[in-house]
Amino acid sequence: MENLLSGEKRQMLTSTMVAELIQQAKEKQVVGCFPLYPPVELFSSMGLLPVVLWNLKGSIVNLETSDKHIQQYACGIARELAQFAMSDTGEMLDAIFSYNACDTLRNLPEIFDRSNTLAGRNIPMFRMHLPQVDRSQCNPEEYLENEVVLLIHKIEEAFNTKFSKELFYQMSKKYFIMRKLCCESEKLVAKGLLTFESFCRVVLSGYALPVETHINHLKTLIDSAKTDQCSMEKKVVISGIMPPPPPVIQALENKNMRVVANDIASLSRSYAYNPEPNDDPIAFYSDLYARRFPCTTLLYTSDARKDAVLDMVSESGAQGVIFCGEKFCEHEYFEFPYMKKQLNERNISTLFLEFSADDMDHIEAHITRVEAFSEMI
Amino acid sequence: MSTREKTSAGKHLTNILTKGYMDLHQKAAGGSFCVWIAINVPAEIFAGFENVVYAVPESHSAMCAGKGIGAAMCEKAENIGYSMDLCSYARIDIGNATDGGKDSPTFGLPKPDLLVSNNNNCSLLTKWFDVHHREWNVPHFIMDIPFCYEPQKAKDHTYIIQQIRDLIGLVETLSGQSFDVDRYTEAVHFSWEGIRQWKRFLDMARHTPSPITAFDSFVHMAPFLTQRGKPVLSQHFSLLADEAEKRIADSDFPVPNETYRLFWDNIAPWHQLRSMSKRLGQLNANIVGASYTSCMGTVEGSFGLYEWDEKDPFDYVARTMNAYMCPHGMELRHAAMKQVIEDLTIDGVIFASNRSCKPYSITQMDQQKQISEQLGVPAILIEVDHADVRKYNEENAFVRIEALLETIESRRNKGHI
Amino acid sequence: MITAGIDIGSISTKAAIVKDGILLGSVVIPTGYNVSKAGEKVFQILLDQLELNSGEVTSVVSTGYGRNRVEFADKAVTEITCHATGAYFLNPEIRTVIDIGGQDSKAIVIDENGRVMDFIMNDKCAAGTGRFLEVMARAMEIDLDEFGQISLSARSSARISSLCTVFAETEVISLISTGEPRSSIIAGIHESIASRVVAMGRRIKMEAPVVMTGGVAKNIGVVHAIGKKMDSDIAASEHAQTNGAIGAALLAGKNI
């Protein structure tokens, strides 16, 4: 827990948020969830605190433990996740949840499990296989239903708790409100009334907080919005798995670029589709996973992605798109050349940035690219 | 390992591969329905149709790398914006598609009518096939195969069979041909016959010195990918196994003074087969087996042959699907390796950390520790890339390999080199 | 109107002064450890050379990696925009600028009005930069300035397959030990850097004519290797090192 505090200066979690998280971790049992889209509503409804393990730069000191277990050509998200889960910080986790998000993430659970076993810790490992078949070719509903049921049984068994339809309904309602507030704040950023930097900080902090607290932070954020709109700005869309690091966002906003929409996995791909509250987790997840905003990691959404991003760009009136590459993420990298071509054909400028785990040393070079892009569009 | 003259199995291999690619091109040009598949897709399905052929881009990429043109073909993909960090098989294949297979030893592959990926191979393969799917507007079927952390579960087995049936339905619709289950069953039989001969061949490595090297198995596995479901498989592999048997009888061994018996974990370093085997031979070292070539016809957790009762081909194919090549958990991989170390009396293990294959490579650092700490077998990790020579450094790799041999030697002599 | 541009790079600092669209002069000094001092110093040296005083200079634009540390500058503009402006000023026909500096390399495509259409910079790997050449020169124990000339006498070029600087260094060392002629090793090194830079540039549809700027443009071997790889004639800018500063000085005269 100490490391969480010491990391605060460098990254997005503020000291109040960290203090809240520590408090919550004492009161509740924490499920460390692998990115990107775990069933957080379910964990919350069963009295657990799901913490989605990305955006961890601020809570780790280095990557030494990770480097003992996984190669450096794994992406930054995986390396930070490994560092977090297998060093002292991992002690706050009472269970770990993973699903088949990508080739790297599917290999990590057993490395963690072995490391925990060797350290004498017996931590339940929850897993789910998210069906990735193309829904026009195969029907995955029955399989997904079974996966959700099995997961509920495993949680009940591990934590001696009971699933309740009523509580699930309550929780899905809270997440509904949370996602709605995310969308509202995004619109304020698009109008130039909130900075993208503060928006990212608050939305990302939600991955480590109870949804109720997150809702309060989002409300505070919305209340802090300016009322007078400023003009003369350049409009851009940002795309990627994570938003760029804060200094790059600052450079972007200082150079009069306004983020009018985002296609970021930890931001809009997570909240843009907002399923109605429901007391049936099977119906809820079958709808959520089928209709979630397209993501490069959801293999079955790839056909829908081009149109979704192009619509986003044209509706927001963006002049440029900034792709934030998570180095070594094949899912994203196989699509960049195609997306770039599609956008350039529509006279939308594109900029490609590449971020990796040890990137803070190269931040100046990224800032130069962002500034040059602003001069160009 | 000396550079031997091409054996009759070697010649046979060249013949069947050349004929295979020629047939493929001719049939596709003549209107056959052409499917591109990932290596884990059960190609026997296509034999159930009158006129469906299949191509395997991964195998084609490996061949290009083996012929020394991998890096040049990767560059073609890099030139149109694909990152150097992407899998080199994918870059070779995408590069090859940019100019219609101009530099390919097989004149590339005929354009597909359907792409079938398998995300248990790796999910990046689905993204890679999507590149063609978008470029050529060709349908793409994703086989979604749950990863096995534990032996395959009934729910997953059922889900796989459902998908095989959905795939068959899709091919029927797209090709206008109907599926004949008897022809399919016959094809699975041919593969099964081939697999048994293959196992017989690999088991020859139990003999000390070994009549075979892992490099032989790397080279000869190609028909397994491109000729699945055909009688030629068992013909070829029985020829290969017979040859190895004869070598034992004749005391004609690839590494005559075989002193170190090694095991390889990962895809073959296609661009290094000749130079690596030669250099190892000079050191009296033989890589006698590899996880990559041992898993056909097995199930997760063991390299032993999974016996088929020759009844239900759907059941069999779905059951063995998780073992092609590595897509199962670390503990299962460790269990299989532990057994093979005993069976083949392995002195040391080379974990080839392969930048182009994260599914195979991420877990190797822990596996290496498990092998050396729990089993007391020396193991090293070297850096390779299966098809991009630009990411491989021979000196760097051999310093580690030679250090491994010294460790083995020093243990034999109780610390005295 | 007299305007000035200051370009602070990782290794050298450059200044240029322009009067009504005419280049009055430029100067290059090493950057050293104190970036803001280097900016002041290079400006003063150039003013002295041209017998001007700072009051006569209407506007100053800074560029390069130290651009935000030039306190007397009116504005900071990235080297991308400055290189495009400088190259276009020196030859309005130019459509692509390839700039290889000590720490980074970039390709910039410009339109018929000299505006940046697209650009790309190297990732953090050093393989396509001046740093790669420095490492190789050290491995070969040859002065880097001699590289260009020596490579011209090569009858063939050695194959250096690794793109990683560290791997390539061991390859070069083993080539030396196998007795490969040094001219052919150097030619191989130039081809390696050229293939990396051209591969990067191809992603943004470079068009001819192409001009090369940056310190590495002084190396004729690299210029030839890039030209060969692109199958097109490439001119090394006469003002290879000061092109960015010239662009900055011109931009200082415009409201960008």
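To keep things simple, chains are lettered A, B and C as they appear, and every chain counts its residues starting from 1.
Assume a contact is a pair of C-beta atoms (placed from the backbone, for glycine too) under 8 Å apart; a residue touches a chain by one contact, two chains touch by 3 or more.
As the structure is a computational prediction, the values presented were derived from the model and not from experiment.
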Worksheet, complete the sentence: Contact-count maximum falls on chain pair A-B
Response to the item:
Relative to chain C, largest Cα-centroid distance belongs to chain B
Discussion item. With centres defined as the mean C-alpha position, give me the chain A-chain B separation in Å.
Written reply: 35
Worksheet item: What whole-Å value do you get for the distance between chain A and chain C if each is reduced to the mean of its CA atoms?
Response: 39
Worksheet item: Cα centroid separation between chain B and chain C, in whole Å?
Response: 46
Worksheet item: What are the residue numbers in chain A that touch two or more other chains?
Response: 337
Fill in: Residues of chain B engaged with two or more neighbouring chains
80-81
Fill in: Residue list for chain C, restricted to those that touch at least two other chains
203
Worksheet item: Which residues of chain B touch chain C in the complex?
Response: 71, 75, 78-81, 84, 389-393, 395-396
Fill in: chain A-facing residues of chain C, complex
65, 77-81, 104, 115-121, 123-124, 203, 256
Practice prompt. Would you tell me which residues of chain B are touching chain A in their complex?
Written response: 80-83, 85-87, 90, 119, 122-124, 126-128, 130-131, 133-134, 140-144, 146-147, 149, 155-156, 159, 162-163, 166, 170, 329-331, 353, 355, 358-359, 361-366, 370
Fill in: Contact footprint of chain B on chain A as seen in their complex
68-71, 73-74, 78, 100, 102-104, 106-111, 114, 127, 129, 131-134, 137-138, 140, 143, 146, 296-297, 299-300, 302, 306, 325, 327-328, 330-331, 333-338, 340
Fill in: Contacting residues of chain C [partner chain B, same complex]
161-164, 167, 170-171, 174, 195, 199, 202-203
